[in-house]
Every structure is written in structure tokens, then in C-alpha cells.
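What follows is chain A paired twice: with chain B in the first complex and chain C in the second.
And then the complex of A and B:
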């Protein structure tokens, strides 16, 4: 495909920059390791008090759930989000407007460039943690693993779509840090990253069901564990895909509007 | 057909107006008031392929706004703008492929990765054929002396090196048009010279059309034949640099250092009726129109009456001229443009 190569190039460059900032990456990683280990001890204590299954989860399943959440949270780290916000705020995007590139596609390739590295590092950490805590539940069969990877891919698209839309706010506000923190708080609750959604009261679960966040952690994790039957899996994947497409389209609309405001009224 | 054609090109910005103080801030929070500012006010500009144009004006005159409209970054409020057959803000990507732009205050290089990697990214971004890329990279590396820092990240090189690398990056895809926004700002004289020489070479050998904004008059005299001055959003001069000089920078001043004070000024003044003569002890200066008199004539008229120890001549400076224009002490008349036309013809 013509014009595709430049985006591959953006992705590669972005991966290279991740290596430049390897210390920052490592510190970020260590932080999340502490977090995941803390979560493990917390849930271990809960399961020790309630032997057997809890909300339909056995302890090995819960461990797998936590590690899948950790793995997905390790993808598309804060760095790209921060860079995009800063670029908009400082007017660096003007340079992007003077280049033969599609802004969203270039930012998307920059965001997913480091994913292979983020994924393998997180996978290595997850394997060590799993080993240290006596193993986790694995996908039942290769098909299940494949479905999980598909769902994880869609989860990453949703995350990008969301982060992109939030970054666009930088056109109207002076800083995006507050918005980023807010997004992460809401996301941590409604994605099921902190607690599986099955433990939510009904009304809260109903809210979570109509938000895009469940597609970021809950859906791929439940797909991994085989908690959803065939038709439900298909439906949930379709919902994920719809959110991914919807958010990316929304991002394009917001960008178009922001650019019009900036280029017509002056920034 | 001209490469750049603008007619009645106008850019109006909406600025938020805020009264001072906390009360003003509060008021502004609830009822926003705006004021329109005309950054570019109905300008007409036509640039032929291969021309090198200096675009001058005091800070805030509308230079950068014009460049941003030409590059497609800003949408004009009204008027017509066509660059090489395209309306830049409508065909942003297509327009971008045909132009190069260098912002003196902002780099296009990636901060964290070696300079060469930024170039490789430009290769993919502009879809430059590998063979052409290699040729251009080789040539620019040599002309701009990039070899020493090619493998260093942009964040680790000096401003002069960065500027040279930025020039290279803007030119790898053989743009027809090169926009330079204050390309020599903050650079030392040696680097300035090498950059000017390089740009001159581009114009002469590649026929690249150059549009240059600068505050450094040296840039203009070295690179540009044509000079366009914008002030308060309006073009107040457009023409040949030499014609501008010939019309407004006509006076030379010759200073004589004398052995003895002159006995009388009367015969000297009588001999040079059209000149302004100043005398202060052992110093005597004569201001004269360089088209009316040769320096030799002045000397010949002065020498019989005084004993001259030494003398020097002050040439008219474009810089003084531009300063006067900026300060509003000099209004350029259409005569200059007529003179410019005549010179071009």
C-alpha cells in the first residue's frame, strides 16, 4: 500500500525512542510490578478467607485475571499521551500540518511502535510473578488464546482512541495532566482493572456495560479465561470493535474541528 | 504562471480581550469579549519560479502569518492564494510534498534519535526514491558539513549544526519552494556565511524558489534580489533591492581629517551648493548624493582650501533605510516600484 511505509517508519522511530528512555521505561515497569504484587497479596488474603470460588473466579483464575490486566495496562504507556498533549499545547502540531502525513495515523503509529517491546517486557514480568505465586490458569486451547490476542488488540485500539480524544482537549485547555489523571481513575474502575466487574453492584455494572472501558481489560481478560460462552464472546468482541472504530472516528472529528478553530481563528 | 499568487490575501485573528486584574479575569470567564486583529491585510504577491524573495517587516507585522498561509498551516480569512496550482489550506498534504520549510526557532529533527534517522524518516514521509535520496543526502552532507554529527541525536548538537541539519531535512525531497523563517537567528558569523552560501547555491544550481523572512540584513544582501516589506499587515514595498537602495539610500558622507582648522568655510560651501557640509575643528564632513557627485569631485572641491591628513567614506546602509521605514520616518512611494520594474525589464 502506497503511503503506508511512512507510518511504519514512524512506529520504528517511536520504538527506538523508547529504548533511549529505557531508564524511564524501567522505572515505570518497576512501579507497575509493585502494584501488581500488592494486588496479588490483597486478593490472596481474600481468597484465603473464602476458599473455593469467589464471584465465579477460582484463585488461579483470579491470578490470571490480574496478570492480564497488568499486561494490557503496560501497553501504550503515558509517554505518547504526554508527548501528544505537549505537542498540541506548544504548537508543535503546526509542523505536522506542514507535512504530508495524516496526523491521527502518524500518532497511532507512534503509539503502537513500542507495543512489541512493552508486550514482551510485561509478558516476562508476568511469567515471573505467575511462577512466584504458584502458576496461573492458562487459556483452554489455542483458539481461545487467539481470541484473547484479538481482543487484546481491540483493547489497545480503544485505549488509543480514548487517549487521542482526551489529548485533543489540549487545544482548549492549558494542561492535560488533570484530564489524564481523571481518565485513568475512571478507566481503572470501569475497565475492571481494579476489581472484576462481576463484583460490582448491578447499577454500577449497568453503567460499566455502556462505557468503552470494559473493552480495555474486562473483555480480553474474560475471553482469556473462557468465562464467556461462544455467542457472548462474539458479541463482546463486536462491542469492542465498535468502540474502537467509534472512538477513532470521534478523534478524527474532534481533530478536524480543533484544526479548523486553530487555523481559522488563530491559536 | 507565477509559482505563488496571492490577491487580496487577508488573515484576521480573533483575540480574547481581558480587562486587567482579578475582576477582569472573572468577567472574562463569564462573558468573553473578542477583538479582531488584521494580521495580514489584503496583500497581493506574485512570485515566479526561481525567484528569491526577502520578506521583511518588524515583529508582529504579519510575516509569519503569511508564511503559515503559504505553507497551508493557516486558512486565509479572505482573498485568493494559489501555490503551484493548489490552494495550500485545502490540499495541505499535496502542498507539503512540494515545499520545504525551515523555522529558525523550531526544529524538524527528532530530538532523541541520531540526525541520520530523522533524515531516513523524511525519506519515508516524502516517499523519496532511494536513489535520489542517496544523491541528495551525499551532496548536502558535503556542502553543509554534516558528517561530524550525523550520528548524534539532535538534542546533543549545537544550534549551528542543528540549523544545517534542518536545512538538509527540508530539502531532501527536492522541493520547488523553500520557506525560510529566520534561518540564521542566533548563529555565529561563520555558520551564517556557510548557510547563505549554501542557499545561494540552491537558487543558482537547482532553481529553488526561496522565500525568506529575517531580521538580518546580511541574509538579504547575500541571497535575495527582491525585497518585500510588510508592516501592519500591508505590503509597503515590493521591488528590487538595488532600486530601493538607489531611491532612498543615495547619500554618502565623506569625512576629512584636517591638519589645521579651515580659514574660511565660504569657498568650500560655494563650490558644493547641493551638499550638506559640517565642520567641527579639525573635522570636516560632506554629505552628498552619490548619483550627483563622485567622491573625487567632492575631494577636488575641498582640497584647494584645506590640508587633508586623512579621509573616509560612509556608504549608505540598507539597514538604516529599513530602520527608517520600520519607524515610520520614511514612506516608500510607488516610484520605487516603478524603478524596480524598470530594473527588472
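And then the complex of A and C:
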């Protein structure tokens, strides 16, 4: 029990840090809001010019899809990723090595700490945008909403697993900025964050299907909208869980190798 | 070094500023090129971001012929102009993004101690090599869009396009510099206001006709991102209703630069070098 308490403490401290630097958090979020609003205007124009469904999506469904993507993207912000890269780059990670803690677990608690705050802020913004653009499609029933929350939780685990693995690269390179930008680009296209995967040609969808990214946005969003039937939903959730576990295990393996190359002198 | 300074002193004032600017920038380039892997990753990531953005527009236009009358290559041109000008800002003028940190730490002093314009030093204060990736990929996209434009490319038109491109880049850098001046009023180690303003550029990746009047006013008048992407594109594709405004781009660039320099000078007077 004492072992668990220290991780709760990491999470709480991380949340408090987010509160202290709330101006940074707010500006970061406002930036994403501009992007979401631009997307809403773009799709609104597209649906006005092409009444009916596009790629199987109606306008209220597309609005819901965009907001679910926004909500999930708002969790585990870049800040934790940046801090971890900087800690490794500057050699601060030595302090973590000296502590009787599991490195991955401590980083996970720090990442997860601010999630309640990130989630409620993003939800408030999503509600305002949804209201301004005339409402969105809601989950058909409570069971569907429950499945969505489960899928969203798994999506967050996948995101942590992935971000952790990418941050490990800081042990070999000197900066992580480029890697973060690159990861986000690949993630944006293959997760379905920019546009539902159904809009892609078959070969691109085939690639997306074997990558972990679709579990980050596409699966939870399609679960929310009820676009997947019962067995498919179960399968997709299982695929999500497998990727979450797989990436977290991979992160541990990479860490095992990374600490051998660590040089604690900054730089 | 002393010889070089003497050489610089003999140059005419304007040329001297340009000379000093490139000397400062060169030092920054050396610092970054020391980390080869980072340099390569930054460039590659920038290219990746653009390919993804292009894929997004392409996926949409697979389903529909036009958005509000705007075709695929027109939207690609607007998108590419946003990234090329961002690339110019990163590669040559990344220093504007360091102002907040320097003022916050009180380190801005170093800029005031040297007998060179602080604004030139700020502009040359950093190099973002991701900009090179943005410029190259963006120019390739612009080239393909131009080839798909119905306009006949006479030498005169090409010169006009070059002027538009330089003007658009100037507007971008002026917006960065002007918003960086906010650091003298709003004291945070991060570029809060500049980031905020920069994100407004997201609106200008698409034709402004899709937006409500309020958003249009924001990106045409308040922070003229529309003159970076939309109006030059309208000119290149000969969209009658908008192309005349495209010709105003050089004037808008001069206006933005003037405002940015004035804002920065007013801000400089408030600088107390105490840090916060």
C-alpha cells in the first residue's frame, strides 16, 4: 500500500503543476480550439454543398466525430512528453534512477494526474462548440456511452505507451522536439484524428489497420457513434487492449537498454 | 574577429545590418548542425507534417469536386503558402520565439549591450531547421499547384508571384515579431501570445469564404493571415472577385512590418532587465 501511495503523490503533484501553469494549458487549448473551429467550418461547408451522408457520416455524426477526436487529443498533453525528454536530455533522470521507484510507473502517474482537469476542460469546450454549431449526435444508449468510456480509457493507455517509447529516444538523440512533431504527424493521419479512416483508399486503410494509432481516435469515436456492430466492437476493444499492453511492455524493454547508454552530464 | 568587426563598420548602415544578421544566424546554424541527428529528424518531421496535411485535403477531394467553389489545387496552394512562410519564419527568424524566455530571465540585456539593433539580433537569434523541410515541401506543392492553374505563366506574372511570396513571408515574420513584443507586457517564460496568434493561422489554410463574417474579419483585418495564403492564391488562379485584393499583399506586408517594429520599440522601453 505504501508502494502505491508514492505514485498517487506523483499524480497529485503533476496535477498541481498543471494548475500553477494554467495559462500555458489554456493557451495550448485555445490553439486547438482554433483548429477545431476551422474544421467545423470546413465540414459545414462541405455538407452544405453535398447534402446527405459523406463516407457514411451525416453532419451531426461528423460533428460528434470531430469533437470526440478533440477530446481524446486533449488528454495527456505534450507537456509531460516535453518534460520527460528534457529530464533525460539534461540528465535530471539520474534522480529518478536513484529513487526506489519504477520509472515507467512514475511517469504514468505524472501523465495521468492532470487527466481529470484536461478531460473536464475539453468537455466544456466541446459542449460550447457543439452548441454553437447546432448540436451533435449523442450515444444511442447508456451502454454505448459506457463502451465509449472504456475505449477512451484504452486509447489513453495506448497514447501513454507510445509517447513513452518515443521519449526513450532522448537517451540516444539530444532533442525530442522533432520526434514529437513526427509522431504527431503519423498519429494524426493513421489514428483518424484528421479525417475518419473510411475516407482513405483501401491501401491506406490496410496500413492503418495494422498500426496502433487507430485505437487512439478511430475506435473510440466509432464506438461512440455506434458505427461498429457488437462483435466488431468487442474485437476492436480487444485490439486496443493488446496494443496498450504491447506498447507498455515495449517501453519497459527499451528502458532496460536505454539506461545502459545514459550519460549524466547534460548536453 | 576584430578585423571582421572593422569590415562590418565600413559597410553602409543597411548592408551592415544584413551582414551582422547573417553573421549571427551563421553562429546559430553551427550550433544546431553540431547535433546531426536532431537536424535530420527536425527536417524529416516537418516534411512528414506537410505530407499528412496534403493527404487530408486529398482525401476530402476524393469525395467532392470543390469546397464552396474552390478546387483541390487552389486549397493545396493556400495550405502550402501557410507552410512555406512558416518555414521562412523558422529557418531565418526563429529568434522571435526566444524573446519571452530572454525577457523573463532578464537575459535580454545582452541584446542591448551590443551596438547592433536589438530587432536584428532578435530575428537572427535562433535557427529552426524544420523550416527548411517546410520550405522545400511547400515549394514543391506550390509548383504543382501553379502547373495546375489555368493562368498562363508569363515572365511578368512569375515576377508578381515572387513578389507575393516575399510579401507573404514578410507578413508572417512581422506577425511573429509583433506578437513577440507582447513579452514586454505579459511575463511568462513561454511565448503565450505569439503561440495564440500563430494558431490563428489555422483558419487561413482554407478559403476564407467558408467562415462567418467574424472569423473573416479576424484573419483579414485583425491579424492578416488571409494575405499570406488566400489572397495570393486567388490572384494566381485569377479568381476575379478576390485577385485585386491579392495585389494589395505587398502594401499589407509593409504595414505589418511597420506595426511590428513600432510595437517592439514601445515594448523595449518597458524592459527593466530584472527578470521575473
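To be clear about the criterion, the second predicted complex is superposed on the first by the 260 of 267 C-alpha atoms of A that agree within 3 Å, B and C clash if a C-alpha of one lies under 4 Å from a C-alpha of the other, contacts with A are read in each partner's own complex, and residues count from 1 in each chain.
In the analysis below, a residue touches a chain if its C-beta (ideal position, glycine included) is under 8 Å from a C-beta of that chain, and two chains touch if they have at least 3 such contacts.
This structure is a prediction, so every number in the text was calculated from the model and none was measured.
K.L.:
With everything superposed onto chain A, say whether chain B and chain C fit together or clash.
P.N.:
With chain A aligned, chain B clears chain C, so fit.
K.L.:
Taking the superposition as given, does A:13 touch the first partner, chain B, the second, chain C, both, or neither?
P.N.:
The first partner, chain B, only.
K.L.:
On the A-aligned overlay, A:97 touches which partner chain: chain B = first, chain C = second, or both, or neither?
P.N.:
first
K.L.:
Tell me the contact category for A:258 with respect to chain B and chain C: first, second, both or neither.
P.N.:
A:258 contacts neither chain B nor chain C.
K.L.:
Between chain B (first) and chain C (second), which does A:38 come into contact with in this model arrangement: first, second, both, or neither?
P.N.:
second
K.L.:
Check whether A:166 is in contact with chain B, with chain C, with both or with neither, and answer first, second, both or neither.
P.N.:
So A:166 meets neither chain B nor chain C here.
K.L.:
According to the stated criteria, A:5 is in contact with first (chain B), second (chain C), both, or neither; which is it?
P.N.:
After superposition on chain A, A:5 lies in contact with chain B alone.
K.L.:
Residues of chain A touched by chain B versus by chain C: which partner has the larger set?
P.N.:
So, of the two partners, C touches more residues of chain A.
K.L.:
Once both structures are aligned on chain A, how many angstrom separate the closest C-alpha atoms of chain B and chain C?
P.N.:
So the smallest C-alpha to C-alpha spacing between these two chains is 9 Å.
K.L.:
List the residues of chain A that touch chain B in one complex and chain C in the other.
P.N.:
none
K.L.:
Using the touch definition up top, name the residues of chain B that touch chain A in the complex.
P.N.:
The touching residues are 11, 13-15, 39, 68, 71-75, 77, 89, 92-94, 96-97, 99, 101, 103, 106, 108, 110, 112-113, 117, 120-121, 124-127, 153.
K.L.:
In their shared complex, at which residues does chain C touch chain A?
P.N.:
35, 37-38, 41-46, 48-49, 51-52, 55-56, 59-60, 62-64, 66-68, 130, 188, 190, 192, 195-196, 198-200, 202-203, 205-206, 210-212, 215
K.L.:
Help me check something: in the complex, which residues belonging to chain A touch chain C?
P.N.:
23-24, 27-28, 30-32, 34-35, 37-38, 41-42, 44-46, 49-50, 54-55, 172-175, 177-179, 181-182, 184-186, 188-189, 194-195, 199-201, 204
K.L.:
Spell out the residues on chain A that touch chain B in their complex, using ranges where they run on.
P.N.:
Spelled out, the residues of chain A in touch with chain B are 2-3, 5-6, 8-10, 13, 16-17, 20-21, 92, 94-95, 97-102, 260, 263-266.
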